[in-house]
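Naming follows writing order (A, B, C and D), and every chain is counted from residue 1.
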Amino acid sequence: MNRVINDPEKVVEDMVRGIVAAHPEMALDSANPRVIGVATKKPEGSVGLVTGGGSGHEPAFLGYVGPGLLDAVAVGEIFSSPTAKSFLDAFKAADRGAGVACLYGNYAGDNMNVKMAVKMAAAQGIAVKTVVANDDVASAPKTEREKRRGVAGEIVMWKCGGARAALGGSLDEVIATAQKAIDATRSVGIGLSACTIPAAGKANFHIADGEMEVGIGHHGEHGVQVTKTVSSRDMAKMMLDIILPDFPLAKGDEVSVLVSGLGATPLMEQYIFYADVAEQLEAAGAVVAFRFVGNLFTSLEMNGITLTLTRLDDELKACLAHPCSSIGLKVLA
Amino acid sequence: MNRVINDPEKVVEDMVRGIVAAHPEMALDSANPRVIGVATKKPEGSVGLVTGGGSGHEPAFLGYVGPGLLDAVAVGEIFSSPTAKSFLDAFKAADRGAGVACLYGNYAGDNMNVKMAVKMAAAQGIAVKTVVANDDVASAPKTEREKRRGVAGEIVMWKCGGARAALGGSLDEVIATAQKAIDATRSVGIGLSACTIPAAGKANFHIADGEMEVGIGHHGEHGVQVTKTVSSRDMAKMMLDIILPDFPLAKGDEVSVLVSGLGATPLMEQYIFYADVAEQLEAAGAVVAFRFVGNLFTSLEMNGITLTLTRLDDELKACLAHPCSSIGLKVLA
Amino acid sequence: MTTAVSLPLSDGRFIVDALVATIRANRDYLSEIDAATGDGDHGINMAKGFALCAERMDAEDVRGASDAFEALTMALMDDIGGSMGPLYGSFFLEFQLAFTGRDTLDAALFGQALAAGVASVKELGGAKVGDKTLMDTLVPAEVAYRETLAGGGDFIEALAAMSTAAEQGKDSTKDMQARIGRAARLGERSIGTVDAGATSCFLILKSMADSITRRLAP
Amino acid sequence: MTTAVSLPLSDGRFIVDALVATIRANRDYLSEIDAATGDGDHGINMAKGFALCAERMDAEDVRGASDAFEALTMALMDDIGGSMGPLYGSFFLEFQLAFTGRDTLDAALFGQALAAGVASVKELGGAKVGDKTLMDTLVPAEVAYRETLAGGGDFIEALAAMSTAAEQGKDSTKDMQARIGRAARLGERSIGTVDAGATSCFLILKSMADSITRRLAP
């Protein structure tokens, strides 16, 4: 696979160098180069927001730092949790005396590193509370929701938590809003071609041309089913058929729809897919109140698409509409 | 190649359906579905801005419609100029009595269709003036600049023209600013893998794994050289070595740097490349005043990267900083 | 049965029907040629335009030549875009205009339409003979048609001369270096394959010559 | 030469050197196993951490066991992240803590460090035997070590028993269905290959057993 890189073992270092060069406002004083954040301080005394995760999902995670969104992000190796130390340094960078909300995804490594970092932060007098995203419906049955992974639904969690913090919410309020957002969110993905971790040099999973993997994970974790590639319309149907039994929508329910390409999917196809999703949701009586389409949460050059639905109430609607600015998402005032 | 589409012959129709579904404010009254624009009218009496081009370059062209940017876009088939009729309908949609600036790229088809549409518009009393982007340095020698194609530099042209119009410029002023912007802009691309027009079903050009095509066109037009794939650092050097002899920078010159992935290039790699470009430009004494990194002007799922430099003066700086909002580009106030 | 020198335009749709069939049959071939020096879509573009023309003709139950060429012009100009939309659109527009209000197609009327069509394409596209475009087919074909008539040839002979010159013109593009259009970028690498537009133009002229000749001398 | 029952910790860095060499040598193998049920990076992650440990040790001219395990712990915890950073980091932290301020490594001290390490990993990761993780190697290995000593075995015998049990534990993961970590998602498809973490854990325990045994009985 042809790539635009220098040293395959140093892609994360080199990317962070580029991020900071292109967005000087994201360079923190932190001695830890694996922490990226907003140097322009938000109001003193407001809750700090942190996330972290493996690299290769850009613009997630570091692309969601900015006004109305996150304060600091711990940056891991490709598809691998950041260190406990990086999470701790992110907490320190984000803390403004009102505590830190760590909103991250449910992966073994992240769970453990956050756990250790929270312990270390407590020893240093920083209060950290966590919300663990588990929106990936295909990753575990409904009866074991605590095992489900966090995927693109994390963006909705960050957006709502970020808005609540910007609106002056306390740590408990920010945590409650973020938790509500992720509880109201479900995602599923379809993979159409694999991706390769640069240092590994070859893909560690494979999707044949003409086949697709339904319910694939963001790191190529096997999904629920491998089938022949179907039309966009049928993909939308299959994905809704996975989400909706878990998460029934009543007539008139307002939803947010987030469609993300996985990396190599042309934006054209993402919009084709969006049209099919919206049509089927509306046929089912749902009202689409917010829409986000683009390469919002990717997996290197994987080809495929993810669908994320959030059932909205007035609070979540106000939070989604709140202005924010970041590499991955800008909502204008 | 696996795709998220319905009918390969109808991808443009289906995409437009998705754009309008996801961005209801972009649905025009126009009876012509191949015209997309901002339905929320800008100030009466301000200059209308139009572009148009083949599809497959999303977010270009239709993703640059919005406040501070374009008013209406004529949408062509994949990699094929829109019809004269669509350009004409876009002129009609954009006209607010102050005339229309049509800012488009130098391709045979677009030239002819715009020419015919301008004639038809004149017959209907709509004044249209044009600027033809020719920023692609690799597409013709310096002595034949009029033959060069327009590529990602069109974004800079639209942004500056759009700002001038938003600031109340007359048709001649908008045209002058857009012309100045494109005259100050140079681009070059490197291709790392080909793309396939859905209706064609197979790629019409080929880039071997381990090789790259320097100076490739946005539709896979052959470049100036096929070489072994080099590091990001060396790609940056090769591209600057193509641009700078055409467009020498003096010490202290302020520039805008726009880096775009061609479709399948991970954002991570775009930032790695940006870091290398910025480092080499700064070593050459240039001052990077504006930066844009992302999938800004793509070619379906082509893998590769483009670099666009613009030499800035105070007017262009003010125009780039002016707020705008669109799918492809948002600049906050 | 003797050979006719003219035919009624009122059922002249058959000329366009033959064009539609020719282009559809050569869809993949034209794209393949375009792939060598261009972007590989020439057959797709052309087939789409001509298929839409067939739809328009059927929808409006077109019979006459003028209406048929109007449907073709509109399909090309309003529906397909690209380079071919305006170029072939302007070309066929001249046939539509020439045939409107006329009852009979004879050698002179065809020659008048052809000359106007070539002039229109030349004006719009700005390409010259030798640039490796459809002008390399069109210009010599029109000259051959005109000179054959001037030299005393009849309609059928002039059409045959047009076909032959079109084929030679098309073949002449093989050794040319493109100076216009996408292929120009290739420089010397564009030498060695015939031009896609020159090829479709040959197919178009030959189709018109053949279908008209078949009616004149069944 | 007779067999020793203890060795000085002041030059105990060799244990960590051997670990570094083992993990580096098995980099690609570990990634390959991980690819079958996980994301194929286990060898990369581990090799990166252990290579950084070697750099730290060289930079600080480390000689003793406590400092060597501290370098390893820090490299894993501060530099590599993932699951392995905290899990193996906590594991080796217990060796560092156990060895700090001590001069001599004997069977009891190793047993104390091992037991504390297993407890720490269990607490942090929450995995149980049978979940198809490194716990399937670690838990039986610690039990075998402890019981061999309790049954009158010496240091070398206990280390050998630990190695053997670790290998059996590792092999036992082959027929298990993963219930934790990335592989859990696979369900029944996770059956049939050994677990990557269980394999690296076996290599680690075996390396420690071998390197210590070679010093005790050269």
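Rule of thumb we're sticking to: a residue touches a chain if its C-beta (ideal position, glycine included) is under 8 Å from a C-beta of that chain, and two chains touch if they have at least 3 such contacts.
These are the chains along with the protein names UniProt gives them: A, B = Dihydroxyacetone kinase-like protein; C, D = Dihydroxyacetone kinase phosphoprotein-dependent L subunit.
Everything quoted here is computed from the prediction, not taken from an experiment.
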Neighbours of chain B that also touch chain A are none
Going by C-alpha centroids, which chain is farthest from chain B? Tell me that one.
D
As a quick test, compute the distance in whole Å between the mean CA positions of chain A and chain C.
55
Between chain A and chain D, what is the separation of their C-alpha centroids in Å?
33
Which residues of chain B touch chain A in the complex?
1-6, 11, 14-15, 17-19, 21-23, 55-56, 58-59, 63, 192-193, 207, 209-212, 229, 231-233, 235, 263-276, 278-279, 291, 293-295, 298, 300-301, 303, 305, 325, 327, 330, 332-333
Chain A residues touching chain D in their complex are 9, 54, 76-86, 107-109, 112-113, 115-116, 139-140, 147, 149, 197, 199-200, 204-205, 217, 219-222
Listed in rising order, chain D residues that touch chain A in their complex are 31, 34-35, 39-41, 44-45, 48, 77-87, 89-90, 124-125, 180-182, 184-186, 189
